[in-house]
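In the two assemblies presented below, chain A is common to both, partnered first by chain B and then by chain C.
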Partner chain A sequence: MSRLSAELRLILRSRMGVGSLLLLLLLSSLAVWSGIAQMERQRETIARVSGEQRRDFAGVAATHGKPDGDAGYAAYYSFLLTHDAPPPLAFAAIGQRDIQPFVLRVRALGLQQQLYDAEAINAELALPGVFDWAFVLVYLAPLIIIALMHDLVTGEREGGRLRLLLSLPGQGLWRRRIGLRYALVLFALAVPFAVGAIVTHAPVAGTAAMLLVAALYLAFWAGCALLVGTAMRASASAAAALIGCWILLTLVVPTLASAAIARAIPAAKGIDLTLAQREIVHHGWDIAKQDTFERFFLNHPEWRGREGFEGRFHWKWLFAMHQVGDEAVARDVAAYRASLIARERWSERVGYLLPGVAAQGALHRIADTDPFGQFAYQDRIAAFHDRLRHFFYPYLFTDRPFTRADFARMPTFAPRLPSGAVPAAPLLALAVVAALLLSAGSRRVARISGADRA
Partner chain B sequence: MSAATRIAREEWRALLRNRAGVIATLLLVALVLVASFVSIERRDRIEADRARYQASVDAGFDRQPDRHPHRMVHYGQFVFRPIAPLAFFDAGIDSYTGNTIFLEGHRQNSANFAEARQSSLLLRFGQLTPAFVLQTLAPLLLIFLGFASVARERERGTLRLLLAQGLDGRTLLGGKLLAQAAVALAVAAPAFVVLAGFALAGVAGWGATLLLMLGYAAWLLLWALLAVLVSAWAHDSRAALAALIGLWLIGVILLPRALPEAAAAQVVLPTRIETEIALHRDLARIGDSHDPDDPYFNGFRQQVLARYGVSRIEDLPVQYAGLVGMEGERLSTALYARAAADSAGREARQNRFVHAFAALSPLIAIRQVSMALTASDPAAHLDFLDQAEAFRYRFVQTLNRMQAELIPHIGGEDPRVSADNWKRVPRFAYRSYDPLRDAGAIRRSLLVLAGWLAGLGLLFAVTARRIGRVAR
Partner chain C sequence: MLQRKMLRARRDLTIIEGTNAAILLSGVRHSYGPRAVLRDLDLTVRRGEIYALLGGNGAGKSTTLNALLGFIAPSAGAVRICGVDPVTQPAQARALLAYVPESVALYDHLSARENVDYFLALAGAARDRPSVIDPALEAVGLPVHAWDARVSGFSKGMRQKVAIALALARHVPVLLLDEPTSGLDPQATLEFNRLLDTARARDVAVLMVTHDLLSAVDVADRIGFLADGRIDEERTATAGSARFDLNALHARYAQPRAAA
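Our next item is the complex of A and B:
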């Protein structure tokens, strides 16, 4: 213990050591605070929009909710709000939440022409990326590790103390030095995050998993620092080499990988399906109404025999036509989703080689703020849309009047359940890479000890 | 040969001996070239895709059968935003803004299918463009090459020796700067050659191209200057490295990321949903065309009857409902324009807040210059949105007029206008955006960079005197 406290005093006496640890603590706290503020703003936006929506919906109900009201008008003019509040851990890993919509209104018309609508974002603000705890961990913490650990061996050699140190009796000198620095960095990162998790009532398992990611990722960098630090003769060149590694691993290679993935897996199906759906829906106006109904009955046989109406127009035909449009592009929708998932999978595979990418992917999967979280929200919207149109069919196909009271019976959107999970593969990859580097680094340190002692 | 160039030559020799430095420099140059080619290919593909989509939806519009014009108002038109030729150099916000809008009557739809929304989180690490390499990575290279330039001499004791031999502090520092500045420009040279190629080919204007080169030259010189200065001030080269990396981290990575959050907290950007609801409320306040006693539309009816010199709607030579549709479109378009201006104003306020910090983080200045000149900035996107909206109004009103003028002559249960008419409906023709149209923002950002250079130059003079004094 006394040796450990002696080592601690040594770190605290160096300006660089204390400075960089305090800086990390400050940045980590700022990031957590800013992440909480940002997610709080999203919740406020949802509350604000919900209020507006209630007023708007009441207006629609007042206009169209008459004793002999037509369900068609009600369905056509009723936009219903869906929303996706930030999951508890989103404050630490905001992910795509700054650019993906978290409120969307849908009505009983074709879903595919509504689902991909964008919300108002300021693209220039989104461009540099979000400032959150995950960013501090993935980008900045490695630099602090480098600052603290690059000269562990070279610094002693340059100071002329290496031989003396190695001749001292006792074991575990390097383990103590490395372990302590590693623990301090992890501590500076983890404390603000843990406080944030408590404040936001985040689930314990998710919090622990994110801390595990941080621990593994930092272990990788500690191993890196050891490996490079022992290979170099001078502290300055060790620092330069390590920063070079950092640039390659967090700036250059991920960018190259991202360009390659975007090139290899195009995602144009979204536009294709939108165009196709529009053609089908509008073509419906030019073909016999019975043809549209026949296609509609394939999946809605319960309404067969109820399609007849007098005159040129009936709402049930319009809504059937929109549903037929959605069903006709189901294959395209699946292909579009598949292309987005393929991009995700390839990013995950990149993470097997790049610890920064693995850590980023794992953090956002745990926090449920990655594209899979967005898919879950979209699926939830689709399920709600399904309920909504099925709610209207009995009114439309049996010509039942839609009254004021029926507006109150309309389904309301229930937010999705958290779908965050601890991804095994990236974590395992991260653990393996970290373990490999740490053990290689320790072996080198041990060899140096041996060599210098001899 | 002057003393300063001799110093510079010595510095180059030292840089050449530093194997890691040479490799890093070559890597960066390679990266600039790779980024250029990847990015040019990417831009060309996007451009071809969008042009193909535009042609196919335009042909699709022509192919529509005989229809009631109002059906065509809702069949609508898709427009795809062409991507500027220089956007290969700096993708700007292109990946974050939707690139296609569905235009129809009495609705303003969002621009959808932004690449960033369809990408994994990897994209947020940055996009491989020459701008990314020059803005983010090149300063790091210059730090690596320059951090030891003076500090090394001090550590080895050669600094004192040189100055004792009568070398002037200004000459020494000037020589070091000359060496580093030459490297900085050499690193940027491949990118400049590619840019010049675009200008020579007539694809991009010389004005924008030269200003872009000027901006990046200033940006890189700034870092060369900074590296030599910090190296001259630092105790040893390690401290110089730490200080420079710290400056880079704060100026290039941290501030640009942290400031947007502060800006977003200051100015609330309303959601499209709120805008839409407010707009319909305002529209309802103006009047209800279905209400026979509505004062606004009664006034409108009187005007129409007076214009055609008839007393009854049935006597009009045109379809009254078509005219009401046109009036409704005019009203809602004005409201949409107001909402869009409000939203653009709020975004501009947020962005101005960030830009105000350019004096602290010159990256913000070079990013502005770069995005603006490559026509990939918010101004260029807004210009596209404006063009699309103006076009929407024109084609919807063309169809509404067809309804008013042609339908009375057709009549019947299901009146349809001949499909030949669809060819008369205007098509979207994008007028390419001239980045120098409103050069105020570019000038301001260039001035910020010039201010940085001037300030560092001043510091340079002071440092040179100090170094000279220290030795004596």
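Our next item is the complex of A and C:
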């Protein structure tokens, strides 16, 4: 214990050591604060839109909820609110939440033209990435580790203290030094995160899993610093080599891997599905009504024989047209989703070799802010849209009046429950890579000899 | 071949058991690749004795220290610190010795007191300030006002005093010094030699590897000339004010260097 406290004092008396740790503590705190504020803004937006939604819906009900009200008008003008509130741990790993929609108002018309209507990714936000705790951990914390550990051995050699240190009887000097620096960096990262988790009432298991990711990822970099730091003769060379590793492992290779994955697994854009669906809907105006109904009846046979109407237009024809449009692009939708999932799976595999990718992916999965969280929200919207359509069809196909009371009976959206999970395989890979590096570094450090005076 | 090795081992054991030497090197050989650096080196230093090991560059002085510190494993022979083999029992051997490197480098952002305290902690020694650290700093003559000053502003002599204070505070029986007076002015050298007298008075065995003949003559009890990996000649101090014949020593010391 006394040796550990002596080492602690050695670090805390060093301006470089204290400065690096305080900087990390500050960045981590800022990231947590910013994440909480950003998620709070999303909750406020949902609450504000909910209020507006109630007023809008009441207006539609007042206008179209008459004793002889037409369900077509009600279905056409009733936008219903869906939302995806931030999961408790989203403050730490915002993931897709700042660029993907978390509020969407849908109506009984074709889903695909609505689902991606808001899929306008904010390029300015997407380019630099979000500043959150995951960003501080994945991109900035390794730099602090490098600053604190690159000259662990070379610094002593250059300072002329190596032989004196090695002539002392105590053992485990390097283990203590690495371990203490590692613990301090983890502490500087973990304390603001833990405070954020308490403030947001985050689940204990998820919080612990995120801390585990941080611990493993930092262990990887500590092992890297130990290995490179003992292999190099000079501190400047060790620092340069480690910065090179950082650039390669966190910036260059992940970018190249992402580009390669995108090239290998092409995926259309969501807006392409919208356009395809709209094309089919528009085409519906030009073809015989019966053709549209025949396609509609393939999946809705219960309404066969109810398609007839007088005049040039009936709402059931329009809603059938939209549904046919959705069904026509169903394969494209499935292919689009499959491509995105395949990309995610490949990113996960890349993470087996790139710890930064693994850590980031794991944090977003635990926080439920990755594309799978977005898919779950979309699935929830699709299920709700399905209920909405089937709610209106009896009114539309039987010409039943849609009254004020029917507005109150309309389905309401039930938000999804958080579906975050701990991804075992990437964490295991991260643990193995970190253990290998630490083990190799430990073997090298054990071979440091005082006889080497250079 | 095996028989020769057994005979040598038996001889080493006999020497070790038959002496009370705090520092012992017996028949030590060591090579760096094809280049033999130590060739059957025999050297002993008793407790309360100061031994100055002189030799030209490449004579094997640093290798001798490395062998005593357990940094290298000699290919033959025996090395003991108070009977402990520094190669097979490095931690135990290092617990018995203090080493002062040629250029005493301390942690510049710590004070003299904190440096001593830190290295004592690493050595697992007692670190009580009033009873261990302060008396040691006082014994080496470091001015009291410098005790809590950062060592970044210290001269080499002051740094050396801190290193010696560390050695004294550890109460070890063996002190190994690597070129201790190199770079010191005459006054600082004189002060340093008096520190060694203090160590000798505390029954410490001191092995001083040096180029500084004057300092060796001033303080050493014995002077050994290391040449070609072995002790070529050894002189013992005589009683009286002229402990060594300086002229003879100088002539002897200059000879191999000139030859080299």
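We take it that the second predicted complex is superposed on the first by the 432 of 454 C-alpha atoms of A that agree within 3 Å, B and C clash if a C-alpha of one lies under 4 Å from a C-alpha of the other, contacts with A are read in each partner's own complex, and residues count from 1 in each chain.
Throughout what follows, a residue touches a chain if its C-beta (ideal position, glycine included) is under 8 Å from a C-beta of that chain, and two chains touch if they have at least 3 such contacts.
Computed from a prediction, not measured in an experiment: that's the story for all the values here.
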For the overlay on chain A, clash or fit between chain B and chain C?
fit
Can A:A6 be said to touch chain B (first), chain C (second), both, or neither?
second
Check the residue A:I366 against both partner chains and state whether it touches chain B (first), chain C (second), both, or neither.
neither
For A:M232, select first, second, both or neither according to whether it touches chain B, chain C, the two together, or no partner.
neither
What's your read, chain B or chain C touching more residues of chain A?
B
Could you look at A:R163 and tell me whether it touches chain B, chain C, both or neither (first, second, both, neither)?
second
Check whether A:S14 is in contact with chain B, with chain C, with both or with neither, and answer first, second, both or neither.
second
Examine A:F135 and indicate which partner it touches, taking first as chain B and second as chain C; both and neither are also allowed.
first
With both complexes placed on chain A, how many Å separate the closest C-alpha atoms of chain B and chain C?
13
Listed in rising order, chain C residues that touch chain A in their complex are 62, 66, 69, 71-72, 91-92, 94-95, 97-101, 103-107, 109-110, 114, 117-119, 121-124, 127, 163, 176
Touching residues (chain side chain B, partner chain A) in the complex:
20, 24, 31, 34, 38, 42, 49, 53, 56-57, 60, 64-65, 67, 71, 74-76, 78, 92-93, 96-98, 100, 102, 109-128, 132, 136-137, 140, 144, 148, 236-238, 241-242, 245, 249, 253-254, 256-258, 260-261, 263-265, 269-278, 280-281, 343, 347, 350-351, 354, 377-378, 381, 413-414
Under the touch definition given earlier, write down the residues of chain A that touch chain B in their complex.
16, 27, 30, 34, 37-38, 41, 45, 48-49, 52-53, 55-56, 59, 81, 95-96, 99-100, 103-105, 113, 116-131, 135, 139-140, 143, 147, 151, 235-237, 239-241, 243-244, 247, 250-252, 254-259, 261-263, 267-268, 270-271, 274-275, 278-279, 282, 285-286, 312, 340, 343-344, 346-347, 350, 357, 360-361, 364, 370-371
Per the contact definition, I'd like the list of chain A residues that touch chain C in the complex.
2-3, 5-6, 9-10, 13-15, 159-161, 163-171, 173, 449-451, 453
